[in-house]
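Presented sequentially are two complexes of chain A, the first with chain B as partner and the second with chain C.
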Partner chain A sequence: MTAYTKGSGATWVGRSIRRLEDPALVTGRGRFTGDLAAAHWVRFVRSPVASGRIGSIKAPPGAWIVTAGDLAGVKPIRPMLHKFAYRPVAQPILAEGVVRFVGEPLAAVIAASREEAEDVADQVIADISATAAVIDCRAALETTAPPIHAQAPGNVVVEGIVKTPGFDDAWNGAYQVVALETRSRRQNATPLEPRAGHAAFDATTGRVTLTCATQMPHLTRTAIADILGMPENQLRVIAPDVGGGFGQKMSLAPEYVLLVWLARRHKSSFAWTEDRRENLIAAFHARDQYISLQGAFDAHAKIIALKADIVTNVGAYSCYPTTCGVEPLMAMAELPGPYDVRHYECRARGVLTNTCTMAPYRGVSRPVITFALERLMDKAAKRFDLDPVEIRRRNLIDAFPYRTATGLEYDQASYRQTLEMAATLVDLPAFRARQKQARAQNRHLGVGFAAFCERTGYGSPAFAARGMDITPGWETAVVSVDPSGFVEARVGTSPHGQGLRTTLAQIIADEIGVSPDKVSIVHGDTDRAPYGWGTFASRSLVIGGGATLAAARKVRAKLVRIASHMLEAAPEDILLGDGEARVAGTDRSLPIAVLAREAYTQTHRFKGEIDPGLAEQGTYDPPGTFSNACHAAVVEVDIETGRVKLERFIVAEDAGRLINPMIADGQVHGGVAQGIGNALFEEIVYDETGNILTSTLADYLPPTAREIPPIELQHLETASPNSLTQAKGLGEGGAIGAPAAVINALNDALAPFGVEINEMPATPQRIRALLRNAGVPS
Partner chain B sequence: MKPSQRVNITLTINGRDYAIAVEPRRTLADAIREDCGQTGTHIGCEHGVCGACTVIVEGEPIRSCLMFAVQADGKKIRTVEGLADGETLHPMQQAFMDHHGLQCGFCTPGFLMLAVGVLEREPDISDEELLDVLSSNLCRCTGYQNIIKAVRAGAKEMRHR
Partner chain C sequence: MKPAPFIRHVPSTIAEAVAMLAEVAPQDGRILAGGQSLVPIMAFRLAKPAHLVDINEIAGLEKVTCDGRTLFIRACARHAAFHRPVVDNPLGALLATVAKHIAHYPIRLRGTFCGSLAHADPASEWCLVAATLDATIMAKSIRGERLIAANEFFAGIMSTALREDELLVETRLPLLARDARFGFNEFSRRAGDFAMSAALVVYRLHDGKITEARVGVGGAEANPRRLAEAEAVLEGQTPAAPLFRAAAEAAAAAIDPLEDHQIDAEYRRDLVRAVVRRALESSVRVTHPC
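Let's turn to the complex of A and B:
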């Protein structure tokens, strides 16, 4: 079976070759954590109450149970920020004394099979006296609210404040102020593979191997070694095939820490696979935010200042490694978006509640701030009687580099061009005519736009600015050619569906002159891959790709030197390609496999001028590059039922150079689908006591093939000076623009009824409630 | 439960017989994966919603998390491991690769078995009906665009065989 096709063009980069990952995955030969057998299965007993004091935990006779009291010397999970008034709250691996959310691990039951472990866990009786719980983050800010952690009185765990010089004067000089209150409800990233871990003790070496569904294998090793007080070389972490992550699998799961503790202590193997209910109630949540946003405009509808108050519900604990500051602080830093706005005032707070811990999910805050800002632009357009394209045209940045009000530097991009591309595809005048006709027939169409830019591929300086105790950012790759001519790249990024094996192989293939199927990529194994930060924040192809390119260039240089030596030609006359080194203008050539063999087995011929072997390391730590896009949605709303049907979805996007356009399109498609889910369907619902009412996939509703329209996609490729490969990140963008475009389209459709919806998801119930209040019968 | 309470059954998976002893409550999905070692079938929700565990039993695509293993005793079961003919991929597998119909690959076996099972019964199913069929499984990575393309292309190839 052919794993790739050779398309047209002079380079492998830029071609839609088939993915090298796929042959195993389509034949059932993928290897996921849950496929591993274990001597023991673990089932977690989870808190049934949102807040309470633990009295006793009683297991049936003969049961093997572990509770907090057994974990002497095990530290809690305590990520740290050194800025933004951050309060370092800690999460014990198993609840200690108190519980703080429904689903928090109270105890672990161990048995020979999963069924037995579940049977025993069902018989465990936890005596917990419930205390007052607080679920909503605005309620948690009230002075009467109970504190979730003693370290954070008032429940504010992190607070960012920014106010640009001259803000008040600018604000007071406004011609119009447009104000908006938005609410983004809570979501779950919902990877199809729930979290799973398997820890096995090796009696020969005394080491433990933790195989788990993680996006960050090395940091998982560091974190667990710190928490358990063990040397890192005693722990190997493997991320095998991982069934989607979307951020949820980048934060440290306390369950994995316990598995390693068990394997070390009992010198055996222990496995845990969470069920879907556990994933929905106790894996990480996201997006729970209130934003109050005001925009000051001049008489020409040009925005001059933005004022925002952001309140984020971060749940009961702080996620490791980013801390719960990730949502409010990213919202604060990036809210002004693609618009030229010089004056900005913002307060962003992360607030503790008795709910599941929040963590990064694809887009991290940007879907929410883009939704707020793009709603503001549409409201302003109405106020100024402009169409949604014109108001954006007047405000989008079009000179680069551009330094934002919060000090971010936007590199070369195409904000206005992508707006015009989307507008051309929509054909606004024709749409307005069709909309008018449809309204006459009591059918309600709407169009919505969302322009945004997205910080991607940012290295350690950007993380350092956040004040994280652990500063991720850089990546390392080791590219080697073995004596038989096969190329291997070992990388610290850890893909889980993004096709990085293929795209990195394309990058290397062009440098070294071999085809991508001669390149294997090793990742997701701390014993084999160099230390790296994993895959998140749209970083892997930019930073991991840059490190890989840097290493491949060194390998190329060495191959040229060896070829020059063997072919007795000047280095500048050596050409690498099609698996061989040629001397330009001659018929003299040698296969790269021969050069590689020489590098190991005939080094005496180099007379000390060339080092033995053929392996080179590259690292890359870029400042960050901003992708951009304009999304547009066309919807039809059934005003009697509140059902929203998507008719068209358009994406005009620019993520720099496309390494593999097929894979890039796939990333955008997937992001848009999650964004549509965000806008219309997906919501984790808590009742007032803190129980989750949406604990199956029949209640929590990721979209199906029926809900996603054909996605019309156009690319621009603006090269960035901040990316070695010229590629910008694009893993998250689809999810960032889609919610705003859909909600704007919905509001456009509802305009004749004088109602406005600024809450996500805009479910049929919420739409109908608005229409009912406006007197529209069902 | 004690082993004595287990029931002896035979599952015929991809033409091979597996004589196993299972508790009556064991799902077919668990039996296929753990007792028969065929881990290509994945479990995504155990509620019959996501369809990752879809296999073909006696010609019908079914959710193997909603069937007990004892109910499949003596029945012919096909899983993703049995789709290819040696190293020659089934047209649907090839179509998923050609059209980038998968990313993380976790839902893929379920989509393949769903599509193959339905198309073997109804080779001339309309595009609209096919969309309804595909909306019975969940994928979180692809946004379905390329799954739909792949299944339509695979259907065409299956008709030509």
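Let's turn to the complex of A and C:
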């Protein structure tokens, strides 16, 4: 135990203390990008056609408009992968010559207010001659499909292939092969706050400050400086309060590049706040995939081989920095999931289409592959006449560390235990009895399970393995105690709802021996925070938390030395806690504040043995750790209307050590809600010409609180050797397991009718169509 | 998502309002009541009225009154006014039942009954009520006032018999018979969404047989309307599950279903079948105190 609290001996870590960031946020005192005043407001004129050649763009007389022709010397967004047959396609900041999706920025108009900018944009006339567009990624693979980019003939922009040695022999020895085709339709992450940017020129320094709703402030700075050819020290990027990101705000928005260009060129301030319609049409999309999956099983229902063909629609361009390889390649790498399967063959392709660009969204492909794999397990269970728990029990990995067929190393985890926990909560025999009774009354209940593991908190080697030009991974934190004894941590992670202001303070509090409210966290400002990669990929508490812990331990060590010096006791006898340094077994103590003051103002007393000041830096670049969970859903299907009502939702999860259980619960709740949206509600729909039919929240339907049942949540805490804090990432898991659990439950309910649905979202109309075709009346 | 420029006029009497409307109507002037449909449409710039005549400041326009035979709903009566029965008659309970299905609470505090009729969204619950109960709509302009029967008022998707200079000042609903029974059911994807189909049924029982049957369906066609085919099935029959199924079947067959990217004709018929039958079933189950 590294800390003590008078009387209790408790640590701050592991306690559900209230979130320190919330008082401001829930009383309207948050500071968001859109709150900033600007001299100029920008409105983007967006392409109304999915594919076409730009003739002319005419603005009304006197209007201020910027088009691609004005942006001489500005480079396109061109992320790079050096593997997987990646074709480096480029996206101009404003469309140049051609347009490739509905919503692509064609021009920017600038006016004194947001309203006026919209008035002007309304009058801009773009003469675009439409050319053939392709919307569906399978259609884009056909030889007759128009190429979206010349660099990618055939529209395949990235392709991963894996086949383990001995695969064919294993496959041919199968007792049973179970196959299915899944379809996951397109979604938008719908953060509460859409994207927003504000770029301001400072006449004194000549620098530009870009305030924007980003998850990655430092990389935004690097990327924009590269694109505009400016020294990076001339640009400051601030991520103030950010109203959710879910991945959508980690990819570079071309709009931000233009704002910085305008601010530098015109030495003024320029703001843009995306509206919901723009966000649904032109911010990044995700999850548009087809998976053909086959599993080979032995006679004991043990899976021996998996074969997958994954086709992902990546949209019109490649997102920066991950590239559009992020979905297909993650799907390929992680598809075998929590199961012991030694043989694996997979082809995963990213296919260009005339649709909005794809980017990471909470879970990145894992919601889709988990859906496919867990459907496969349920189908196999039926084939072998096993219940869904038993087939998983037989196949889940149970010994760790475990090296997967694709070469990933799974650390200590609890795949079997979380399955059993979920099964116990469901009480399968009791449920089956209730299900039978209900069926007799023409009510149709179903239960579905989804087990998964999830790679989180992975460092730079994992990104390097993808061949990325930019390999984010490590994190840095600088922890300092000021002369008044208060603590400041400056971190490269960039929280936007995750509660890191609180959890990082809990970690520091235990090391330094002060309460978390004495710790302030500085993040999201490239002038104040050390270079870091921001918050995404369930990484911040693992990597940023690890870096913070490493820095705090160094500060602690120094405090102990100072205390040892001042209290004239051996360092090993010094205890820190409750705001004091104390000599063990005595009543001798000094406040931390006194030690801190000494470290700055009385350094001559250290006689050169202790460096002055009290600030230390820590970095962390871990190999990655795998969280795991089992979700279970109980649904009732209204077979007359196709409505699916969730009766119960159960999560048994293991994300290692919980720093703040309440915050962990909140992360799981939010993820599950998005997963339920994924399964039943949310779908971006294009018509055949590439127009979006779901451009408002009356058409694109995230679930509301009324559609989400109470979530029954249990945690296990398997400490990870791959995490300094012993915590694993859990930001995405809720969204990963929920879709598969819901769809499995739905299929269980539909089983008496002999129909099966392997498409998400499983909308009432799709369910009804299946039932109608099976002769079930409404 | 900011509206195009417009001028807001704020009359304090109905006479002023219709005079202003007469003046601005030729320049796409519109009435602004609760604004829960018009303002979002303006924010999307799907509508760009140059003038809005805001009737919210006109005294007395939020009233709902009754003369013992008819309920008078003035132009600014909010949806929320119907959360509790407005009249000691089954109609009060019916309106309270329906009101809770309209959008979400904040919208119900602002949006108006008459505004819903003037907007004439096919999925509007109040339009369904007006059609099923044969409401009378009073339109006023500087040329005078006129009464329009509900079955002549709705003229297609978001289209009505109102002329551009006319203000819908009042909707009149006949009180129901004391022993009237009713049932309402609607289907939407999420709580508070627009109905993908809705049904309202009203009838009396005479010696255990259904009389004066009204079966209205909304959200399924361009406008809500009564379905004589379904009413005919019910008339003179004893309420029972097979009868309700037959009436629902007749309703599903009678409609000319609206189709969109979400809902094809077959699914719309499925929903109509389900909501009509469920509305009928609820009419038997629920007894409304009044």
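In the analysis below, the second predicted complex is superposed on the first by the 769 of 778 C-alpha atoms of A that agree within 3 Å, B and C clash if a C-alpha of one lies under 4 Å from a C-alpha of the other, contacts with A are read in each partner's own complex, and residues count from 1 in each chain.
Assume a contact is a pair of C-beta atoms (placed from the backbone, for glycine too) under 8 Å apart; a residue touches a chain by one contact, two chains touch by 3 or more.
Since the model is a prediction, treat every value here as computed from it, not as a measurement.
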item: First (chain B), second (chain C), both or neither touched by A:Ala179; value: neither
item: Which superposed partner A:Ala769 touches (first chain B, second chain C, both, neither); value: second
item: First, second, both or neither for A:Ala584, with chain B first and chain C second; value: neither
item: Contacts of A:Ala570 with chain B and chain C, given as first, second, both or neither; value: neither
item: Comparison of chain B and chain C by chain A residues contacted; value: B
item: Which of chain B and chain C A:Gly499 touches, first, second, both or neither; value: first
item: Touched partner set for A:Thr190, first chain B, second chain C, both or neither; value: first
item: Chain B versus chain C as contact partner of A:Arg706, first or second or both or neither; value: both
item: Touching partner for A:Glu640 - first (chain B), second (chain C), both, neither; value: second
item: Which of chain B and chain C A:Asp275 touches, first, second, both or neither; value: both
item: Residues on chain A lying within both footprints (that of chain B and that of chain C); value: 115, 275-276, 696, 698, 704, 706-707
item: Residues of chain A touching chain C in the complex; value: 114-115, 118-119, 122, 275-277, 640-643, 681, 685, 687, 693, 696, 698, 701, 703-704, 706-707, 763-765, 768-769, 772, 777-778
item: Chain A contact footprint on chain B (complex, rising order); value: 1, 23, 25-26, 33-34, 38-47, 49-50, 52, 79-81, 83-84, 87-89, 93-94, 96-98, 100, 102-109, 112, 131-132, 134-148
item: Complex contact set, residues of chain C against chain A; value: 1-5, 44-45, 187, 189-194, 252, 261-264, 266-267, 269-271, 273-274
item: For the chain A and chain B complex, residues of the former touching the latter; value: 1, 18-19, 21-32, 34-35, 37, 115-116, 190-194, 241-244, 246, 275-276, 496-499, 662-663, 665-666, 669-674, 696-698, 702, 704-708, 710-711, 734
